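What follows is chain A paired twice: with chain B in the first complex and chain C in the second.
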Partner chain A sequence: MSLDVYQRLLALSRARAVPAASRAHRHLSPRPWVLSGYHLAGEPSAPVAIRYGSFRDSPKLLTIAEPRDRKQRFTALGALARDLATYLSRYTVTEPVVRATGNGRELDVNHCCVDAPQLVVPNEATAHWVGLLGQYLRTLDDPVLQQAGAHLGWIASRRHLPGSSVLLTATDLLTTHWRTGQLPTEDGHLGRLLAWIEPPAGSDAWQAARDAEARPPAGPASDPAWDQVVLRPALERAKEQGDVRRLKIAATEVLDGAWRDTWAALDLVRLLPPGEHVARRWESDRWSWTRHRERVLAGTVSFTTRLADVPAYRYLHELETRTTALDRQMALDDPLVMARYLATGEAVAGVVVKRDPEHTITNAGGRSVLRPLLWVRTNAAFDRPAGTELWLGKLGMTVRAATDDTVELMVVSGAVTRPKLNLLPETDTEVVLAPFGPQQHFPDNLPDELPWPTRGHRRPAAEPEQDDELDTDVAAGPPTATPQPRLSGAVPAARTAPDGEIDAVASGTEAAE
Partner chain B sequence: MSTAGARHGAAIEEVWDRVRGTDRAVVVDSPPGAGKSTLVRELTRRLVAAGEHVPIVVQTNDQADDLVIALAGAGLNTGRLHGQEWTPPRGWPRTKVRTGTKLGELGGSDVIVGTAAKWAYVKADERVWPLGIIDEAYQMSAAALVRVGHLFDRLLLVGDPGQLAPFTVADEHSVRSMATWPLDTAAGTLLRHHPQTPVVPLPVSWRLAPHTAPVISDAFYTRAFTAGAAPQDRRLELGSLTHPALAHAADHGWALLELPEAHVPRTDPALVATLAELVHQLVTAEASTVDPSGARPLSHADVAVGVVHRDQKAHVEAALQRRGVTGVTVDTANRLQGRQYEVVLAWHPLSGRRDASAFHLEAGRLCVLASRHRQACVVVTRGGVEEQLHAYPAAEPVWLGTDPPQVDGWEANRAFLERLAAHRVPHR
Partner chain C sequence: MAGLLDAPGCRRRLALDAARVDLGVLAEAIGAPPSGQSPYARERDGTFAHLATARLPELVTRHLGIECTAAVETEALPSGPGLWVWREPRLRLGDLPVTPDQVVLASDGTLLHPVEIRSYAVVDGHADPAKVAGTAREVAVIVGALRQAAPVPERISSRALLVLPRNFGLAPVATTLDVAPQVRRLGWALARLRTDLPDRLRRQADGGPALQGDALVGALAEVEARFGDGCPSCPMYTHCRTGAEQDGSVARAGAAAANLCGPVGLAAHALALAHGERTPQGESEQAIAAELARAAQAYGWATGSVP
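Entry: the complex of A and B
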C-alpha cells in the first residue's frame, strides 16, 4: 500500500490537505530573498514588473515601461542587480574549518561562509525564469549586471541538486510537506495549493481553490485578460506620457497575491521543527556558495549551457549520491516519512519481545562467531521474505523468519562482538527497523580526462578554465594551492566522520546490480 | 558438425582474428544464450596460451563468480578481485584460484576477474594491459567505462544488445540536458566514438529452442538469429496434471496466462498468488527436462520467476516460502540478465497498469524476462495489455547527443504480444 495514495484519498475525503511530513526538510533562511514577477506575454526576456526583497512588509518593486527596449530593460535590471549585491554582501563572513587529511595525520584549514543566501520564488516557472534572467545578464558588458548574472546562475544551478536549499519554490516546499486531494499538476498552482492546506474559515478546499484560481496568477506569465485591460493602457500611458504611476499601481496590486502566498508558504513550513540532517545539507550549500564567491572574485566563473565530458559524468555521480542521501536522511529524520516505508513493508515497526545475545553461528572459515538474535512483535504481518536486510541505526540485521505477528532477526553487523552487545535494544523497546544502513560514501574516482574508449580521435576543444558549467559544486576547487574539501555527497566526508555517518571509504565497492 | 555449429565456429574464429589484428576495439553482439560465456572462456584460454595476461571486467559479483568457476574449470590460473564484503559462493574451486581485494594479492594469476565497480578502484600504478575483455558490455554504462577505460590499451566488448539499458536513481531529465550521455551503454558509447569498430554478431542461440527463438529475434533484435537446437532435441515432460498454462508451455514453449483485466497496485496479490501456485505445481509435478544430453528431473534451481520491481520479488519470494518452496530464483529483470533456466515464469511489465511508462515499455526489460529459458516460458499478466498499449502510443522525446534505442520499446511490446496471442491461456 502506498501511503502517498492513502494520504491523497484522505485529503480528498476531508477536502483539506493532510501533512506528509512532520519535520521541515528544507533549510529556511531567517532572511530569504523573495522574488516574483511578470514578463511580457511570450517574451521571457522582457520583464514587466518584479517584486523582490527580504522584507515582507516593504518589498521593492521594479517596473519597466518598455521592456523590449534593451536600454530601459537593463537600466531597470541594474537596480535589481545592485539590490541583489547588497543582499549577498551579508553572506561574506567566513569561519575556519579544520579537517584531517592524509589518513588523519595532517590538518587542513579551509574557510567556509557561515551562512549563504537563499532565494525563494512562488513556483517552478519563476525558478526557471530566474535562471534565464541570469543568462541574459551574464552576456552584458556592465560588470555589475554580469556579476548579478553569475550569482543568479549559481542560484539557479542549485535547483536541480536534491537536498539543496539555495533556491526554494513555494510550491515545492508545500508539496514536500503536505498532500492535497487534487491532481499533482494542480499542485503547481501556489494559490490552489495554499487553499488546500489552509482554506479560509467556512469554505472547503475545492471552493477555496476555485477562488484562488480567480485571482491573478503567480507568474511569470500573466493573465491575458489583465494584459489587455490593465497592462496595455498602463504601458501605453507610461510610454507616451512618461507617467509610470498607473503601471506601478497595477503591478503592486497584481503581484501582491503571489508575494503574500510565498511568505505564507514559508510561515507554514517554519512551524515544523527542522529535520536533523537539514543543517548538514545546508552546510554543503554554504561550501558551494563559498567557492562560487571565490570564483567570482577571481574572475574565473564560467557557465555553459550543456555539460559534457568529465564534468557530465561527475554531475551524474553527484546527482545519484544526493538523491540516495536525501531519501535516506528524510526517512531517518521524520517518522511521517518513514511511515511511507512502513506502509510498503520495506520497514518494520514493533516491540522487542525477546533477545538472544549469545547466539553464534559458524562462519565460512569454520570459526564460531557471535550473531545475536532479536524477536520483534509487529502489528501487521511482515510480508517480506527471509533474508531481507534491515537496519536499526548502525545495527545491520537479516530476517530469519516471520509469523503473523513476530519477526525473528539475526544481527549481522554493529553489535557482533562482546564489547558492543550493549548496543542491542533491550526487551520491550519500541523499534523501527529501516531499509537504510549507514550512509555509503563513494568518491567519484573519475579520471582527469576521458579514456580513449569514451572519446573520439579528435581531442575536444580546450575546456574553460573552470569546468563548473552548471556550477555543480563538484568541480575542482578554486585555482589555489590548497586542496578543497570534496563536496560530492551531502557534506565533506571528514567533517561527518565523528558520528560515523560516513564511513571511511572502502578501497573497493562492488556493483550493486 | 551442424550448420548452426559451423556458423557459430566461424563467428568465433572471426572474433579471434580481430582480437589478434589491429583493431583497437572489437564488439561482439550476442543474442540470448549465443555462447557468450563460452566465447569469453575460449578466447581467454587462447590469449593465455599465447602468453598474455587477461583482465576481465564483468558487471555483477554473481557474473564474476560464475566466470571464475568456469575459467578455473578450464584449467586457467584465475584471480578474483573482490570487495571487502565478498564471500565465496558454494562450489568455489579449491585450486587454480586466488582471491584478493588488491591486485598484489593475485600474483601469478593469468586471468583477473572483477566487477567494473571494483576495477574502478584498482590501484594499477600506471599499469596498462594490452587487451581487456568487458563482459556484458550492454549492461555496463558509459559512466562505468569512463572509470576503467584507461587500464586497457585495446578492448574486446562482449554483450547482449537486447538487455536493459543502464539506469540511474537520479532524475533522468537533469542528466538528459547534458551534451554527453553518461548512461549510454559501454558498447554504445564506444561505437559512437569509434564508429569504425568491427561488430561481430553471434548468429546462433543455443539456449532458446527453435519455436521460441524467432519470437525473441523478431521482437527485440535488429540482427536476426536462429536457434541452434533441432526441433526434436528438447522436451519438457510434466508427470502429473498441472495448470493448463504449464501444459501449454511444455508443448509449445510459450504460454500467456491472462488474469481478468483490472487496474491493481504494483504488488498485485492475485498475480503473486498465481505465480507462486504455478511454481509450486511445477516443482511438484515430477517434471523432467529432456535434451540431447538425456533426461533429468526438473530441479528447483531450473526454475526462475522474473519480475519487474523489487517489491514484487519480495512478495513472490515470501509467497513461495509460505508454500515451503525454496531454491527457486525470484528476481527482477535487471538481475536476471545473463542467467539461464529451464523454465521461467515472467511477470509482464505492463500487467494491471493504467499507463505504459517508458520504464515499463523498455524493450530490454521484456526481452530479458522472455529469453532466460531453455524449455518454456509462461508470461503471466492481467488482461487488457494490448488496449493499454494502443492507448499509450510511444511518446518518448528524442534527446540530442544520444542515439535512439535500436529497438523501439512500444513496438517490441506490441510485436511480442502479437506473437504470443496464439498461446493465450485464459485464467481458470
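Entry: the complex of A and C
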C-alpha cells in the first residue's frame, strides 16, 4: 500500500512515528492480565522467571531456581495456574441473549458471558510461548495444571483469528496504530517501537531506539551475555544455598522494562476513541469464551494438532472472512485507515455537485424503477471502469461514467424507494465513497469437492457447532486445534505426531526474495 | 558462508564472505556487541547431540533405508555403505575454507546423505520454519563443499537427514530435507563472489595480512550495500544501519518503501516528489511521484492537514 510507504517516509524524515489510525481497533479490557517472562535458552517448557498480574504496580513474580527440575517447575507453574484460575473466575457472569434460529421464525435464548478475559504480552514471541506453555501444561499429570493448559490453549488459539482481542501483543497494538520509519522487522522490538512513538525529551527516535536496544530484551529469550554473567551465578546460588533473593532481584530488574513498556503501549492506545465495530468483534470473543467455559466445565476440551479436511476448510474460510471483515470494518470506522483505499484509488473522496433523485430505469421485468443519480466532484481522476460498485454507508451505487474531475453514479440500493430518498446526500456535502458496504455476506457452503485431497480413508470429522457467524472456535492456528465436543473425560494430553512427520518446509521462507 | 543466502543482492555482504573477514574483528571495529550463545543453550546442544548420536543408526535405517549398526570414524570421504563420522574435515567451497566440527554421512554404497543434528524442538510435528531454512542453508554449504572434494560429485546427495528433539523433551525424531534449491543458489552466489572486490580486500582474500579496525570498515564501505528487511541477522547490520540513517536513505524504512521508490534513493527526494516540490525526471519518477502524491493527498484528507 502506497500510504504505508508514505507514512514510513514521513516518520523517517521527522524522526518520529506518525499515526496510522485515529481510533482504537482492539478491545481493551479495563482489567487485562499482563504477562512477560524468560525461559531457559532453547527450552520453552523451562521458565526461569515470569511476571504477571492485572495491576501495574503490584505484579506477581515467579522464579524457578532450577528450571530443569520437574518438581520445582510443577510447584511454580501450579502457582501460575491458580492465579490464572482466580483471574478467569471473574468472567463467569452470564446474561441471556435472545437470538433467532432456523429461518428466523423461532427465537432461542442463549447465555453469553458479559465480559471475557484478556491477556496482554509484550511481543509475538511471548504470545507464541503462551501457546507452548499451555501445550506443555496439558501434557502434565495434574488436573489444575491441565485446566490452566486448556485455558492458555484457548487464549493462544484466538491469537490467530484476525479481529480477536483475547490475546494482545503490545507490538501488534502499536504497529496497528502507528507507523515508524525503521525496518518492519525492527518493529517487533517493543522498546524500539515505543522509542519511535514517544521518544524521551531531548532525543530523536534514532537515538532513543538505539538506547532501547541496549536494554534487556522483552523475552521470552534472554540475552546470552546476561545468562552467563547474571543468571548462572544467581541460579547456582539459589540451588546450592537455597537463597533465591539474588535470582528474584535479577529477574525483577530484567523483566521490569518489558512490564512497563507493555502497560505504556496499553495507555497509548487507550487514548484513542474506540472504533465502532470493536464491541461487535469483542462480542464474538465473548461467545467463544462462553463456549470454551462450557467445554471446560463438561470436561470435553480437546486439542488436535491437525484438522481433518472439512474442519480445515471451515477454519480457512473463517480466517479469510475475518481478515476481510476486519480490514473493511477498520476502514469504515476510521478515516485514517480509509485513506489507504483513497491512496490506491479504490475509494473516492469528493463533493456532491448535482443530484437527480427522480431518475428511473426500466428493469429486466419491463417495470420502471427508481434509480437516483449523483454527480461527485473529485480531486483526482477516478480510473476504475464503469460498473464499479461504491458505497456510501448503506447506499450502494455503481459508476456510470467518470471524467477527469467528476464521477457519475447511479444508486442501486439503500435509497431506491420514495420514502428513503431523504437518505441521499444533499448537494455540496463532502462524501467518501468506499469500495465496500457495511453488510458483507460470506457464504460458507462446502464446495462439491474440497480443493485438497482427503488424507487416507478417514471419514470427515463431525463439524464443530456453529455458534456464531464468526465463532466456529477452531483453536490454535497452524499447529491447529479444534474442540471436539464428542470426546469425553478429562483434558487429554496433546496428541503427538509420529516420528518423522516434521513439517520442515525449508523453501517456504526462501522463496520470498 | 550460509549468511550469504540471507541477504540477496547485497554486494557488501558478498565482499565480507569473499574476503574471509573475521567476524569477531569486524564486530570490534564497528563497535557492535559480540554475538554469543547462552551457556544453557550450549549445554542443551551438547546433551541432545549426545543422545541423538546414540540413536542415529535407528533413525537412518528408518528414514533413509540404510542398514547400519553404529557410526564409524573416518578420516576422508567414505566409500563403503554405512554411517560415517568425519571429524574436523578441511573442506573448501570455491577457494573459501569450510571447517565444520564434524560431518556425519550415511551411505548406501552409491549415494552419501549428510546427517544434521540440531536442538530446536519439533512441537506437534512442526519445527520453526525460519530455523529449518537456516539449517538448510548451512547444509547446502556442506553439500557444496563435499561435492567439491568428491571424485564423483553426483555421489553427494542433496537429500539430508535432519534430526531434532520432539516436543518438550529430548527424544530425537528425524526427517529428510532436500537442500537442492539452496545448493543451486549457493553456486550462483559463488560465481559472483570475487567479481568486484576492492583492492585492499582482494589482497586479504589472496592470503595477505588481515585488515583491522578502521581500515577494514573503510574497505568494506567501498562496496555498495543493499539495506533491507533481512539485514538484522548480518554482522554488518549496525554499521550499514548508521550509514542508511545518515544518508536519509529510503531503504532504512524497509524493502516495501525501497521497492516503491525504485530509483529515488533518498527519503527527502521521495517526499518532495509526493508534495510536488520537485520535478520528476523521466517516466519512472513520474509514476512514483503520482503514486506518492495520491498517498500524500489521502493522508492530508484523513488528518485534516495540508501536507
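By definition in this document, the second predicted complex is superposed on the first by the 438 of 513 C-alpha atoms of A that agree within 3 Å, B and C clash if a C-alpha of one lies under 4 Å from a C-alpha of the other, contacts with A are read in each partner's own complex, and residues count from 1 in each chain.
In the analysis below, a residue touches a chain if its C-beta (ideal position, glycine included) is under 8 Å from a C-beta of that chain, and two chains touch if they have at least 3 such contacts.
Because the structure is predicted, anything quoted here is derived from the model rather than measured.
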Looking at the overlay, does A:140 come into contact with chain B only (first), chain C only (second), both, or neither?
neither
Would you check which partner chain A:2 touches, where first means chain B only, second means chain C only, and both and neither mean what they say?
both
Using the touch definition from the top, say if A:186 reaches chain B (first), chain C (second), both or neither.
second
Look at A:160 in the shared chain and tell me whether it touches chain B only, chain C only, both, or neither; answer first, second, both or neither.
first
On chain A, which partner's contacts cover more residues, chain B's or chain C's?
C
Which partner does A:264 contact after superposing on A: first (chain B), second (chain C), both, neither?
neither
Where does A:345 make contact in the superposed view: on chain B (first), on chain C (second), on both, or on neither?
both
Please indicate which partner A:317 is in contact with in the superposed arrangement: first for chain B, second for chain C, both, or neither.
first
Chain C-contacting residues of chain A that also contact chain B
2, 306, 344-345, 506-510, 513
Listed in rising order, chain A residues that touch chain C in their complex are 2-13, 19, 22, 40-45, 132, 135-136, 139, 181-186, 206, 222, 224-225, 227-228, 232, 305-306, 335-336, 338-340, 342-345, 349, 379-380, 478-479, 494-497, 499-510, 513
Residues of chain B touching chain A in the complex
24-25, 59-61, 81-88, 101-102, 115-118, 120-122, 142-143, 145-150, 155, 168-171, 174-175, 177-183, 186, 189-190, 193-194, 265, 311, 314-315, 317-318, 320-321, 334-335, 401
Which positions of chain A touch chain B when the two form their complex?
1-2, 160, 162, 306-310, 312-313, 315-317, 319-320, 322-324, 344-346, 364, 383-386, 388, 445-447, 450-457, 506-513
In the complex, chain C touches chain A at residues 5, 8-9, 33, 35-41, 44-45, 62-63, 119-127, 129-130, 132-133, 135-136, 162, 164, 166-168, 173-175, 177, 179, 181-182, 185, 228-229, 231-232, 245, 248, 250, 252-254, 256-257, 260-261, 267-268, 270-271, 274, 291-292, 294-299, 301-303
